[in-house]
Amino acid sequence: MSDTEQTPAVPAQAGAPAVEAVPTREPLLEVDNVTLRFGGVVALNEVDFTLYKGEILGLIGPNGAGKTTCFNAMTGIYQPSEGQIRFRGQKISGKKRHQITRMGMARTFQNIRLFPEMTALENVLVGADAHHKTSVISALFRLPRYWKEEREGREKAERLLEFVGIRKRMHEFARNLSYGEQRRLEIARALATDPVLLCLDEPAAGFNPAEKEELLQLIRQIRDTGVTVLLIEHDMRLVMGVTDRIVVLEFGKKIAEGLPAEVRDNPKVIAAYLGVPDDAA
Amino acid sequence: SGGDDTASGDACGSKIAFFGALTGSSAALGINEHNGVKLAVDKYNKENADCKVELVPLDSQGSPDQAPQLAQKAIDDTKILGIVGPAYSGESEAAGPLFNEAGLVTITPSATRPSLAEQGWKTFFRAVGNDFSQGPAAGNYIKNVLKADKVYVIDDQSAYGAGLADEVKKLLGPAVVGSDKVQGEGKQVEFSAVVTKVKAANVKAIFYGGYYQEAGLIRKQLTAAGVNAPLVAGDGVNDVAYITSAGAAAAEGTILTCPCQPATEARGTFAQEYKALNGTDPGTYSDTAYDAANILLAGIKAGKATREGLLEFVKGYSGEGVAASYKFVEGGELDPAQVKVWAFKVQGGKVVPDQEIPKS
Amino acid sequence: MTTVLEKVRSGREAAGERWRGAPRWVRWALLAAVIVFFYALPNKEFYQYLGPIPTPGANFTQVMFTVSIYVLLAVGLNIVVGFAGLLDLGYFGFFAVGAYTVAVLTSPSSDIKTLWPWLLAVPVAIALTMVSGVMLGTPTLRLRGDYLALVTLGFAEMIRIGAVSSEFLKGQRGFNQIPHPPGQYADGKPVFGVLDARPYYWLVLTLIILVVIGVRNLTHSRVGRAWISIREDEDAAQLMGVPTFKFKLWAFAAGAAIAGLAGALFAGKQNFVNSQNFELLNSIIILAAVIFGGSGNIVGAIVGGGLVAYMIERFRGIEVFGFELYEFRFLFFGLVLVIMMIFRPEGLIPNRRRAAEFKDRRKEVTVGE
Amino acid sequence: MLLEIDDVSLLYGRIQALHGISLTVDEGEIVALIGANGAGKSTTMRAISGIRPVATGSIRFDGEDITKLRADLRVRRGLCQAPEGRGIFPGMTVLENLDMGAYTRRDRAGIAQDLDRVLGLFPRLAERRKQHGGTLSGGEQQMLAVGRALMSRPKLLLLDEPSMGLAPMLIQQIFDIIVEINQQGTTVLLVEQNAQQALARAHRAYVLETGRIVKSGTGAELLHDPAVKEAYLGVA
Amino acid sequence: MNFDGLFSNFGELTTTGLTQGAIYALVALGYTLVYGVLRLINFAHSEVFIAGAFAALWTWNGFGLNQDSQVSGVGTIIFYLLAAMVVAAVASAGTATVIERVAYRPLRKRNAPPLAFLITAIGASIAIAEAFGVYTDRRPQGAPALVSSKPLFEVAGVPIDAIQLLTIGAALVMMIGLDMFINRSRVGRGIRAVAQDANTAALMGVNKDRIIMMVFIAGGAMAGVAGLLYDVRIQTLTYSVGFLLGLKAFTAAVLGGIGNLRGALLGGLLLGVVENYASGLFGSEWKDFAAFALLVVLLMFRPTGLLGESLGRARA
């Protein structure tokens, strides 16, 4: 499998190789010189990158490089010690987590975090509710808005469950789903919030190669619906196969950025992260 | 229908109730009274074997929040024509409006809070003096007999305790160097915070407004902390149960007042009959409760078979009891001429009468 | 013994299945029958045929009123604990706020002497409890789990001590002569008087039905889903766009409003409110009732609240070997809680989620234990 | 035979996760267990270490029937697992976590020596020795979990997806470590999604499908089995 | 507000507060330990305390002492104290163990949801307290004045007596001992491991049930000693005192940071002192109000208590 085949096929709207398109594309997320410290530990050190609308960006790096921390800073779980994160032109800092989600950023978790005692359907409905406006009053008296939004949410949820391929399991409690189904459900739930940007934290962990292949297809489909994707993953086959560009972190610092092929051959990245090329094993 | 005075047979099988604490942290006083009422009913039924009256004990645990429910229970039982009680001021305040609304007559042998008579309840009658007489008397005793110029006043925030303590404070004025509040009804048993303050204030006497259990524990903990100033307290503490609570050594020397005379001073053979029936000597308010019950029984005997009838009867009553002569004036108060206040003292593990305190 | 239990359990489950499987009209008819039964219950002509159900030691109608108040409270607390998963150990504090608001505004013993009629004070009481719910919630709902439990408990204690010790709230002496709800019979006698407790009970029962409909509507909506998602995983809920703080406040406020309503009803019936009506034990009893019945399930909360309140009253007036059982009521109550929870940890009528979860978990005990 | 599993079934409530599986591990071997998501690999591990009770069947370890033995006693018999999901003690420091691995051991000198060795294997952990386990990154926690299991010097080491969440370079390293400790005398039972690597190093292997063992053989055999290749190695 | 009442009695209020706080702290240790390991507010711990307090009292009764007895001779007093302490510690530890066996372990075996534990805890607490209540007729029981309250010496003009020394000293010693046990010993490490992840702890060879038992025993013994000290200080005991005292002790544990042993001591002492200052400032009826107000305010600024959680799961 070679990535030179992959890259040009990807950008649906631009129709041109990603790198060349960069200056003309609209920035969606700007991570601007972000530093984040935990006591003495510098988890992010002046990290600086931009994510453009419609692309799939890979975020890779050795263990403890700061990838998950970067997600956490983006979604408002941590506040950067220095620097700024801008999403759709607005500063993230000071925003509540649910506001960030409503602005169009959704994520999955490195350790799955579903609502275990809600059904798959209800899990997705919670995501869909992010843009609903049914108030306590309209729910209490079942005003027209309630009926409209319930119907809408339900349709959307079923459509998304179908999309990730677990519609048959929609009345099952989340905790009864298998590991792979749970990961899919997490994605469906995140998509239900109508994100502009979807952040996936190691979605393929614990998947076997065949399942990874399916996941790869799914991520592409998501991108094709117009959603920008930020992907953390250690599986190089997946990363190289699906991303348009890659950012590499090490010890909280960005050490490389570029097309998958470039990054893969970057000696710094090989030394810090990849070790011997993949197929030599 | 109204008070049908003629057909005396109608009143047979009627009930009167005693309303007061039979269990709980101040039960000893309620039991004194209940025993007095029992004696009255017992004697009545012996004399009128063909037309008996039943006594219903209503145990309030001395707690105002139980009172409305219990009053409701009394009201629901249409056979109950009159009530001896409520024994305590707090429960009287809570239950009074209900009795008033239901037109059920109550004669309290012991609830001494003055304001009870000022609520406009048509059904309220008090067979003893109130704390307008007891409070100043206790204050005078502290001032004139104990000659204490620095006094600490504690109360239990109850209708009775707080009211009495206020009267004492009023009389003593600047001699009161500190005051504090505790919780009654057995809710508090640890008084180190109060004790610390009393100890630091270095006073000559302590007045407590409240009931015997807390008084005993406070006394005990004061003594344990090395405070030896005498404790003065009102009728709520006036029972041997106080000594049990404080421990004999700590209790010794405590001064207790009561707007009543010693029950052992009651006229006639009351004390003997009481002991014969109940196996104990009469205690504080046993005699007034006996008298209160007899007033109701006299009404029933006179053929008052309805609540309205009995209420009218009590309102117009005048007669002799073992503790005093009874006649009710405005608001249901006892005729002021009949009110006496006594001081008692704890001596050798017993509560003994000390002296009658002259009215100021 | 286990086999008997299993049988009971499977019988109950079968009943549940049959209920869900039954046609709509059957369910409505059954529901209507139950409601009619409860309206008829306090009539002596009816309950005298019910064998051991009427309480021997207390007026049954009065008991039913108390029971209905507890049911209302349990329904309210169930929103907070059962749905939103916020452990509130001081729920009775809101009941106190409701009762005191009515007392202060209507009673002649109150310092402000407004002497309002009862009905006018009720909306104010509800509004004020909601406000106090928001006031308590705003600083404390950021705390999680057991910290919240303790803070709510502390807050309820503060309300109680404030009531005991402040001049304005009259402490143990309380407020008396609180007016009854309005209404007169044709002959001029008041509907809500001291002589007949049934109208109060019917009033509460009607309000319970309305409140239950409201709560059901809420839980089957975006609001209810938000509550449950918060209960399940608060962080994840936030990241899915749920304004968790706002919905927690709503849960608190809704629960509080119901407690305030209950308090106002209580004050109107009892005519008297003092600090002793609000002992901490009551909060705990309500919580126990909700969990005992099956937290997160409205029917469970109703059954729990009803049974617990009834159970305690049922002991009154029974003597065994010369002991008045009422004296032991809390001893039994405690034991029943322990035993019931051991045999039915998920509550009498658990919610569908808990029931399913528990069925799965029950068999997964660790080896060698 | 060091470990002998005979016809073991296991239930999660209504769900039957294992349907009578049998497998053996000989002293000194590396045995790999591979299979798709939800096949029951982790469940098998849980049954062996005793945190889930088996419904039927028996487990023998070192000649003793341990089917009903409590989990902690199995550890004392020399059986230690690095669990799926890592199971780090979040409020303990890295060092304390490692100490917990040696909970059943009493030889201070040996423990100290092993600690040095583990910190040598994972320099990242040495850097973070005073940091709380809960604040480590996913991969760091994984290293800690493996390191901690090594600290107990078990006779049989159970590793459930030790490479999950590790960076490519470290995956390499982890497998080298497994071979190394095996050569030093520790028997290893290994669950892996990274089947290629696992099979390349295992003496023998089992393939698990929906709670049943469907294939077994030497590592090399399975590595070249076309069906296995297609299903688990992702090579068409 | 009575500032004079506060400042003129500042010394006494402080010593009383510290003494009271020491008792809170000892009881708080039990809450903290159990909470740390099982994530359970062991409501019944207040009854563990009560059991110890009654055991001590009845031990003295057994020796023929009642509330009016006069005891003299340092040796005799020490003997009575030690005997009662042993009995109280054993009784409390025993009660705690029984509670764990009867009320909690069966639920653990059935994987019950956390709220179920809370309810059995409450049930057990009510039942035990009521049992003592029924047995004692709900009357306060008097204890002999064993230790004299005569001031021994003065510190900055504040008299200090033997009861205060004994109480605070005992709390300090026991707390330090427990802290060393938990943080230094192997069993202590096991306790912390179970606290954080019981299943993994089992995989490391830790016997969970034994550890839980140890926790109840250790917490129980502390509560027993607290019960004895309470008797010595207050000389009166009622079945119902456990409830409020337990609540305060739990508050103390939370103030200090639940699961944190040193926090329990700090929280206890702080609570005792603040309470007493408030009683000087506003009147002693506001004492409990101040205690809970302190809790609410403190948690607003430090949501995990003064020293933070430690035994338990750090919230990562």
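As written, the chain order gives the labels A, B, C, D and E, with residue 1 at the start of each chain.
Just so we're on the same page, contacts are C-beta pairs under 8 Å (C-beta built on N, C-alpha and C of every residue); 3 or more make two chains touch, one makes a residue touch a chain.
Computed from a prediction, not measured in an experiment: that's the story for all the values here.
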Most remote chain, CA-based centroid, reference being chain E | A
Longest centre-to-centre distance from chain C, chain (CA-based) = D
Most C-beta contact pairs, which chains?
-> C-E
Let me have the rounded angstrom distance from the C-alpha centre of chain A over to the C-alpha centre of chain C, please.
-> 44
Starting from the mean Cα coordinates of chain A and chain D, work out the distance between those two points in Å.
-> 30
Centre-to-centre distance between chain B and chain A (centres being mean Cα positions), rounded to whole Å = 78
Express in whole angstrom the distance between the two chain centres, defined as the mean CA positions of chain B and chain D.
-> 79
Within chain D, the set of residues that touch 2 or more other chains is 15, 50-51, 70-71, 73, 135
At least two other chains touched by the same residue of chain B: list those residues.
-> 23, 157, 181, 183
Any chance you could list the residues of chain C touching two or more other chains?
-> 164-165, 327, 354, 357, 360-362, 364-366, 369
Sort out for me which residues of chain E touch chain B in the complex.
-> 5, 8-9, 12-13, 16, 19-20, 67-68, 138, 140, 142, 145, 149-150, 233-238, 240-241, 275-276, 279-280, 283-285, 287
Interfacial residue positions of chain B with respect to chain C in the complex | 23, 63-65, 67-69, 72-73, 75-76, 90, 93-98, 101-102, 157-159, 162, 181, 183-185
Using the touch rule from the top, collect the residues of chain D that touch chain A in their complex.
-> 15, 36-38, 85, 124, 131, 135-140, 142-143, 161, 164-170, 172, 193, 195-197, 200, 231-235
Which of the residues in chain A come into contact with chain C in the complex?
-> 75, 77, 96-98, 101-102, 106-107, 109, 113-118, 122, 125-127, 129-132, 134-136, 139-142, 146, 149-150, 153, 173, 175-176, 189-190, 193
Once bound in the complex, which stretches of chain C touch chain B?
-> 58-59, 62, 164-165, 171-174, 176-177, 193-195, 197, 270-272, 274, 276-277, 327
